[in-house]
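By letter and in written order, the chains are A, B and C; residue numbering begins at 1 in each of them.
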Amino acid sequence: MIIASNVTKKFGKLTALNNVSLTCNRGECIALVGPNGSGKTTIIKSILGMVVPDSGFITFNGNNILHDWHYRNHIGYMPQIGRYPDNMTIGDVIEMMKDIRSDAISLDDDLIVSFGIPDLYNKRMRTLSGGTRQKVSACLAFLFNPSVLILDEPTAGLDPVSSEIFKEKIISEKNKGKLILITSHVLSELDELVTQLVYMQDGQLLFHKTIDQLCFDTGEKKLTKAVASVMGQSKITSFGL
Amino acid sequence: MLFYTLFLLVTTFSVFSLDENPAKGLLSMLNIILLIVPLVSIMFSTIYLYNSAEFIELLVSQPLKRKTIWLSLFIGLSASFSFSLLIGIGLPIIIFQPNAIGAMLIGIGIILSNVFIAIAMLSSVKTRDKAKGIGFAILVWLYFTILFDGLVLFFLFQFADYPLDKIMIIISSFNPIDLSRILILLQLDVSAMMGYTGAIFKDFFGTSSGMIISFSILMFWVFFPVFFSIRNFNKKDL
Amino acid sequence: MKMICYILTLLICVDSFGANVLCVGKSKQFISITAAICSAKDGDTVIVYPGHYYEKNLIVNKKIYLKGIGYPVLDGQKKYEVVSVKANAVVVDGFKIIHSGVSSIEDLGGIKIYDSRDVVIKNNILEDTFFGIYTQYGKNCTIQNNELHANNLEEQQSGNGIHCWKSDSMKIIGNTITGHRDGIYFEFVTNSIIWRNTSFKNIRYGLHFMFSNNDAYIANLFTANGAGVAVMFSHGVKMYSNTFQENWGDASYGLLLKEISDSYIEGNVFNKNTSGIYMEGASRLLVKKNSFENNGWGMKIQASCMEIEVGNNNFIGNTFDVSTNGSLVLNTFNNNYWDKYDGYDLNKDRVGDIPYHPVSMYSMIVEKYPTAMILFRSFITALLDKTEKLIPSITPEGLKDNKPQMKRKF
């Protein structure tokens, strides 16, 4: 569904992405993990067209995304930090988004209901806590029933109850055959969700494996442990040992 | 924005009601339009653009053309500034000076706001750093209000032996504030501008074709930065 | 009705004091004025009835009262001088004089007074004349309540409205002059008065004064003349209560003074001129109680002027109040009201406590570099002026009003 081929991006001297190739398919739930500054957000932004790669290309359903914006109709994106115009109310923001994506076929307001957002409709964005904003971002990402969901650190500010609701929502969407891309630091949260894992470091994609394969390779049963062992290995490799 | 409107409204009203001579009031208005309006326009727009950077980012992730997003931002800013100006300066002018000069002041004020919003858009798309961007905006304002004229004066002193009048007309079009000032002055202070050089300026700016040219140049000052900012924004990494 | 007319005419034509009355008209004693003058003797009255008269050059060489009734038209057919007065104490009253000849060699006039005294030219209308009323070697002549209207567009094609040359004790009163080269022109004219005339839209000057001493002009109105009013090379000129207004343009002045001395300028109004007063080589002038309003420059005093006393004037709404081109100042300014004065009056004696410097730095710059006008009212010029106020460097330190008034005087 999404194919990135040999994508390279440099910000000045820093190489954010170094020849990254990635293939994502329907029904997969892919976790993007890696240390800070490894290029996770950059690859997400590249897929969203917010960052234009220096070389290489990305296709969405077989079409190059460059100079084409319609493909974003099929993507729901939840940013790391959601910032909205201060003087708008939550209702305004949701209405505005509906306005922007007026050609969405069906709306999915499960999250809006289960997060209890309608009670807060008249609250202005500047009065909201980080967690509530995160909830709004999540609602917006799922609202238009997109076939691809890109979630950047989704559970960072959420309380455990909301976090649980949210995870269930992700699982149900995955089961509907959608492609889900998640970056997160909290690996334990991803445990029950993800089917595949992409590990990035220093702008390079070190490996892309299914969870089963990974557990098999590392001999661990838990994702956390598996990744930790991989990270240990990769440190060793990067030290040349 | 509301504050800006109120500020304009209060100053304009006080300027007109404090001065028994309405012509003097108009001169104070001229200063407000040539100094305050560009400053507020460029500063507010720059700060607004930086503050809504994340929101712009979010919009870019939506199925929207970047050009549409950027133009909407410009139109939003431009509409709110023009509206503020219409209320803040237009209302008192309609009460105290309902004539061609008043209309000219409002028109020029609106165009100048748009010019500086456009410049703000260009500068904020060029620099990612907020502090740098705001500093640059202040510099741009300083350049157009003082430095440019200082350079012109210096140029005049250096080349005083040459006939500079025609060149001056061209040079003035490099600074939207200068151009606006001359356009308003020709309506306002005819006596002094009617001196020898004044006559030449009047011959150019006073004729309808000269007016059309100068207004086109002012419009160019709006479109040019907006156009380039769009081009930059289309390529920008967010 | 006809009978009454005849009787009336007879009554008028019968002279009871020894002098005769000669009537000119279609069905009158004389058909042409020339013929009537021919038969007249000194002291007679010639009455001209309405009609269009082609007299070629009408020469009045006897002391007669030439009276027009209902503005009879004297037509010069664009060839001749219409009326030539060549005798003393002639009165020309109530004619409409049109189409004088135009010549580049002779100064053909509508009415020309040659070498005569006590001539009175009054209540005439002059249209399309080369020179209007021309006096040479006249003495104690009166030119009163005439209307002169020419519509020439070029300076070379046009003569002056009221032109006096080498004359003395002239009285120019209540005339209206427009469209001529100079409205009123004085050269070598002494002891004369110009009073309550209106001179507007003339091609060059509204009033032009050369080598004419000890004259006065009072309560005249000069509006929108090509170059305003010029008074040059004269002394003892009194200019009282005149209005100079709307003289726009590059070389246009409300009042241009050149080589003038021992003169008075009092109670005049200068409104909306490019320069209110421009003076060059003037000395010992008293400029007081005038109003300078809405001019580009209130006064331009070149450094060649000395002992000019400027006092008790109002300077209101001028772009520049005073400008000069040098640093040496031999003139004094006192007790004027300047609307740009931003000083204070702590002891409440209605006199500002700090002196006012009417010359701004920017006006000095413009004087030197006229193109700098393009920076007019820009922020930088305001900045320059403020700096100059704190640390005077270019503007003449001596040019200041030590007693600026807090309130306008009248």
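Heads up, the rule we're going with is that a contact is a pair of C-beta atoms (placed from the backbone, for glycine too) under 8 Å apart; a residue touches a chain by one contact, two chains touch by 3 or more.
Just so it is clear, the model here is predicted, and its values are computed rather than measured.
Of all chains shown, B has the CA centroid lying nearest to the centroid of every protein CA atom. Distance from the centre of chain B peaks at C, each centre being the average of the chain's Cα atoms.
In terms of their C-alpha centroids, the spacing between chain A and chain C amounts to 90 Å. Centre-to-centre spacing of chain A and chain B amounts to 43 Å, using the average Cα coordinate of each chain. The centroid of the Cα atoms in chain B and the matching centroid in chain C are 47 Å apart. Touching chain B in their complex are the following residues of chain C: 248-250, 252, 272-274, 294-297, 317, 319-320, 339, 365-366, 368-381, 383. Against chain B, the residues of chain A that register as touching in their complex are 9, 11, 45, 48-52, 69-73, 75, 77, 79, 81-85, 97, 100-101. Residues of chain B that touch chain C in their complex: 21, 23-24, 27, 30, 34-35, 145-146, 149-150, 152-153, 156-157, 160, 164-165, 168, 172, 177-178, 181-182, 185, 189-199, 201. The residues of chain B lying in touch with chain A in their complex are 52-55, 57-66, 235, 237-238.
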